[in-house]
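By written order: A, B, C and D. Residues from 1 in each chain.
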Amino acid sequence: MKYLPAYRKMLLIRRFEERVAELHRAGLVPGFAHLYWGQEAIAVGVCHWLRDDDHILSTHRGHGHCLAKGADPARTLAEIMGRATGYCRGKGGSMHVAAFERGILGANGIVAASIPIATGVALASGLADDGRVTVVFFGDAAVEEGPFHESLNLASLWHLPLLFVCENNQYAISVPVQKRQGGRGAAAIAQAHGLETRRVDGNDAVAMLEASQWAVQRVREGKPVLLECATIRWGGHHSAQPTRRYRSREELQAAQAACPLARLEKRLIAQGEATPEELLEINAAIIAQVDEAERFARQSPFPEPGAATEDVYATQEGSG
Amino acid sequence: MKYLPAYRKMLLIRRFEERVAELHRAGLVPGFAHLYWGQEAIAVGVCHWLRDDDHILSTHRGHGHCLAKGADPARTLAEIMGRATGYCRGKGGSMHVAAFERGILGANGIVAASIPIATGVALASGLADDGRVTVVFFGDAAVEEGPFHESLNLASLWHLPLLFVCENNQYAISVPVQKRQGGRGAAAIAQAHGLETRRVDGNDAVAMLEASQWAVQRVREGKPVLLECATIRWGGHHSAQPTRRYRSREELQAAQAACPLARLEKRLIAQGEATPEELLEINAAIIAQVDEAERFARQSPFPEPGAATEDVYATQEGSG
Amino acid sequence: MPEITYAAALNRALAEAMREDPKVLILGEDIGSLGGIFTVTDGLLAEFGPERIRETPLSEASFMGCGIGLALCGWRPVVEIMFSDFLTMCMDQLCNQAAKLRYMSGGQATIPLTVRAPIGARNSAAAQHSQSPQAWFAHTPGLRVVLPATPADALGLLATAIECDDPVVVLEHKLLYGEKGLVPAGRHRVPLGKAEVKRPGTDLTLIGLSRMTQIALQAAEELANQDVDAEVVDLRSLVPLDRETVLASVARTRRAVVVDEGVIDFGVTAEIAALISTELFGELLAPVSRVGALATPVPFSPPLEKAVIPQVEDVTAAAWKCMQGKPTR
Amino acid sequence: MPEITYAAALNRALAEAMREDPKVLILGEDIGSLGGIFTVTDGLLAEFGPERIRETPLSEASFMGCGIGLALCGWRPVVEIMFSDFLTMCMDQLCNQAAKLRYMSGGQATIPLTVRAPIGARNSAAAQHSQSPQAWFAHTPGLRVVLPATPADALGLLATAIECDDPVVVLEHKLLYGEKGLVPAGRHRVPLGKAEVKRPGTDLTLIGLSRMTQIALQAAEELANQDVDAEVVDLRSLVPLDRETVLASVARTRRAVVVDEGVIDFGVTAEIAALISTELFGELLAPVSRVGALATPVPFSPPLEKAVIPQVEDVTAAAWKCMQGKPTR
């Protein structure tokens, strides 16, 4: 199979997140920005197999999922920068990017909260029998929250076309997973609930693409599946957070040695899908795309204060 | 081993619950009364191995657990009848009986809610290293609530001296467990969290006593354990509820054929621990005890209305 | 007009909505063969089948979320929570998700979700099955909150709630389920956000909601025997709140008693009393009087329950003090 | 008196309590090596070790329950919930269990539990990290609720909360953590249920809590420049509520503005406004004015956040209307 399309998406996410970090340092990104760099292979591996009308739901660390599912980088960045042209008119920000027209039903600031919502989205597809797949991405810490477990049961009981993607990046903010979980992990738990599961190296794009192809196929046939993807969070919990209090430099270096992009580049060159020069060109094109997104976002106005009271309700007072 | 002590406790629960049902029909028990009849072997089997200073936490169907742990039938019945002499001064009622002096930290009206509380009680024993065991009883439906799963993880992670006892009586009100759970049940889930588990015939007092002896021993050594006990709810969800809308007469009859008391009686006689005549005497003594409890409760006054505003806080306004 | 119970009226609203719109479905515990523990979904399983009368595991957080997801995809789910006390199990889904998703997405999300749950004390159900938490939800922007007091309003408000494109919390009262009342035979809708004068009067205004409207009506009868002519305004909706109807009534009577079954402190009566006191400043003949539950969990034993929950005589006593211009609380 | 930050004052309260009483322990996320995301538990792990500075999984419902269980067994747990918005994940444990167990058990259970959580909008944290849900908990009998506005009160209220035998919810404000103030060097306690006049004045009373007390103080300075002498009362506790201090102040000034960062509707300002309007009926020169957040989820973009959250100029504007006797809301 050809890996260049996935590579482009991964690189877009990497360059996008680097830019968000820069803009955050420059004071142009309000609030927190939880970056996805280092985890690109997971979102891209899964979304590679999705149709435009399939649905995804995401987390506080959601930029990568949105871009992988086809969100416009310019409108995404505008949202992250609080501009009126952002997908959510500047009301959501980094933790709440949503692009319904692309099947992106929203990042979420509450750990595990999008999982129950995803059961309903999947149930809607099941009831309509429309062959759509719903994917819910979540971190390793979501496995500690009750709603995750309740939702596994719903998915199993009702045979929901729902793919659970656990991105085990080893940390919840500062606490490593061994200090938070006593059991055998997300896949073992999902199996006890009757789901099919697979453990994948989430830093290996090829492995992610393979496992996801299988998983999306199974879900399209109507079986809920859980993928547990091992990966590493590269930066702080959010772009401004230093990690020295809880993570050694060596640990991070080892992590970054497994860079999913670098590994995929080697593979592309080795199997003759691209030359180093072509990769440099792709990189330049993607940087230009991110430049363009930044230009768009910077030139976009902030919302008018009056917009603050819009979008609370869909209907007028007293109407049905 | 001798089974008469367990038999007496089981019979006490049976006769007590029959009396509660009568008193409910007579309008002397306010609110709901969720009866424990048919499930006696579980509470008694587990509590048989507990010390006086061990702790239990219970559910809406809690009378049996309280009596098995040594609650006074008179003060328990007085509470269920809303009298000032009840364990909770009439403020709790059937769903909230507690007898702290007996290590009974409370029944609970919210399904699964006592499970997280039990983790803290067990942690207190762990921190004090006092060798006490905490037991939390819950129904099959609690397995569907998030806090159950979160608590399994806490127990596993922190090596809590906590025994989870799941009483799978096949129903949550009107819905059978197969319509509510898609997975492989409480024990399988607990295993995924790293707990030791055992499945037991909860209608067989001998099996319950054996499994509980092992389980309480393991917990006293500091290992969390889950017992999954198969049983059957004999009556309606509460004493006033008819079951014909959701359960066939045949199903119930088959269930009652497995009566844990009848089975234990046979065993007692077969192994020569008691004669039929002795069992009749025991029965009469227990009925007298329940009569006495009823007399006590009936003669007890209702609380004064002014008591309604007491016991909200332990401290006075403004004090530390 | 047929006379039916409040529970039957709710049942009719559900059945009619499901017949009219194939996108309406119900999620909840024991709503199938049992017909709901308060009989509100009686017969629906037989007519609509288990896909649309979808019995759930005991997983309030996730089946509330499931309702939200269905709503995002164009369904009109009705989520039944067996007792309003159990809304504590799904507060995040209701108050952080359903209430906020439309706003956070800048209007992309539309959530035509109806949440039904019974409030109130009934027959010693004790502290975890007797709560009246309406103030929590009225304080949560993004939710609409209604509380029918009669069978006709139960039918009309629930029907409107299901048709509404926003999340609506319909809080029903356990002691009203068995109460009968006249209900229009044909199509009947009660708009969200419209209070109703349930009894006209001139001397003072009793403002109630849910069962406390019925208590206020009984109090008004007693007061009438003593030549006090009380007007009774039933709020029906807390969000939107019909400030106009409340203020118009009190502007006339110049005396107001607000009655709610929730705890008084920081509860519904505070908002209504503050509203009236501010907007009709200088025009009142007496301070607004507030009647509600005492600041305790709801006790089990009948005499205690009665002491905590507002009774007709509490309302008449407040009304008398109000007639005499005395502050009460 | 040393000058330290609000976060440092909370840290000192925790450290002193843990030194004095070996039964005090802390449960929460990231409270160990990171020292809490707002630095409140900084250094405690090193001094007290991982048993008492107990880092939890992301399981708010169960570690809140764990705190309750520990409290039942004689510990004095302090449970940190990282953002008050996440209290929705454990509402049952907090409001159905911690708040009710003592009552339901007829006084057998004693629950010396302290729950700490930050409220308020800060730097575009958006709708799920900016809430001010104090009214929910003030409306829940069985809980005590305090909101410090200064470093000294942060120290004194948290110390008292930990010593209190009842569940106390301590709501801290994210924008205050970095603010400095003078704090007594020695033992310092602030009783629960005692408001404080933070600035004396004669023309009107500004009643605030948490960060809104600071906003009210700033507003008072601006008003002073325009010859209006505002008194500022800091409520500090919502439960118990210090009605006396509030009423004594307004009885003198005869004008009141209530300021809270929670949503206005059915919020804290309603209770205070209703209290004053009722108890000082006929004595006020103007209707009580209420300032609070608009009825929306908290938006992300800075100009929107500013539009929704009360600013100094909103308080001065309300004060002016109040001085002119006009109703505002």
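We adopt the following convention: contacts are C-beta pairs under 8 Å (C-beta built on N, C-alpha and C of every residue); 3 or more make two chains touch, one makes a residue touch a chain.
Quick caveat: nothing in here was measured; it's all calculated off a predicted structure.
A.B. asks: Expressed in steps between touching chains, what is the minimal separation of chain A and chain D?
C.D. replies: 1
A.B. asks: Quick one: which chains contact chain B and chain C both?
C.D. replies: Correct list: A, D.
A.B. asks: Could you tell me the distance, in whole angstrom, between the mean C-alpha positions of chain A and chain B?
C.D. replies: It comes to 45 Å between the two C-alpha centres.
A.B. asks: Taking each chain's centre as its mean C-alpha position, how far apart are chain A and chain C in Å?
C.D. replies: 40
A.B. asks: Roughly how many whole angstrom separate the Cα centroids of chain C and chain D?
C.D. replies: Centres of chain C and chain D (C-alpha means) sit 30 Å apart.
A.B. asks: Provide the list of chain C residues touching at least two other chains, using ranges where the numbers run on.
C.D. replies: Touching at least two other chains: 56-57, 59, 61-62, 85-86, 88-89, 92, 96, 103-104, 126-128, 141-142, 295-297, 299-300.
A.B. asks: Scan chain B for residues touching two or more other chains and write them down.
C.D. replies: 88, 90-92, 96, 108-110, 144-147, 150, 153-154, 157, 179-181, 312 - these are the residues of chain B that touch more than one other chain.
A.B. asks: Which of line, ring, star, complete and other names the graph you get from chains that touch?
C.D. replies: complete
A.B. asks: Which of the residues in chain B end up touching chain D in this complex?
C.D. replies: 86-92, 96, 98-100, 105-106, 108-110, 113, 115-125, 127, 146-147, 150-151, 153-154, 157, 310-315, 317-320
A.B. asks: Where on chain A does chain D make contact in their complex?
C.D. replies: Interface residues on the chain A side: 30-32, 82-84, 88, 90-93, 95-96, 108-112, 141-142, 144-146, 172-175, 179-181, 245-246, 302-309, 312.
A.B. asks: If we count contacts the way the header does, which residues on chain D are in touch with chain A in the complex?
C.D. replies: Those in contact with chain A are residues 29-30, 32-35, 37, 55-62, 85-86, 88-89, 123-129, 294-297, 299-304, 306-308.
A.B. asks: Along chain C, where are the residues that touch chain D in the complex?
C.D. replies: 85-89, 91-92, 95-96, 99-100, 103-104, 126-128, 135-136, 138-142, 238-239, 241, 262-263, 265-271, 273-275, 277-279, 281, 284, 286-290, 295-297, 299-300, 327-329
A.B. asks: State the interface residues of chain A toward chain B in the complex, per the touch definition above.
C.D. replies: Per the touch definition, chain A meets chain B at residues 144-150, 152-158, 179-184, 188-189, 191-194.
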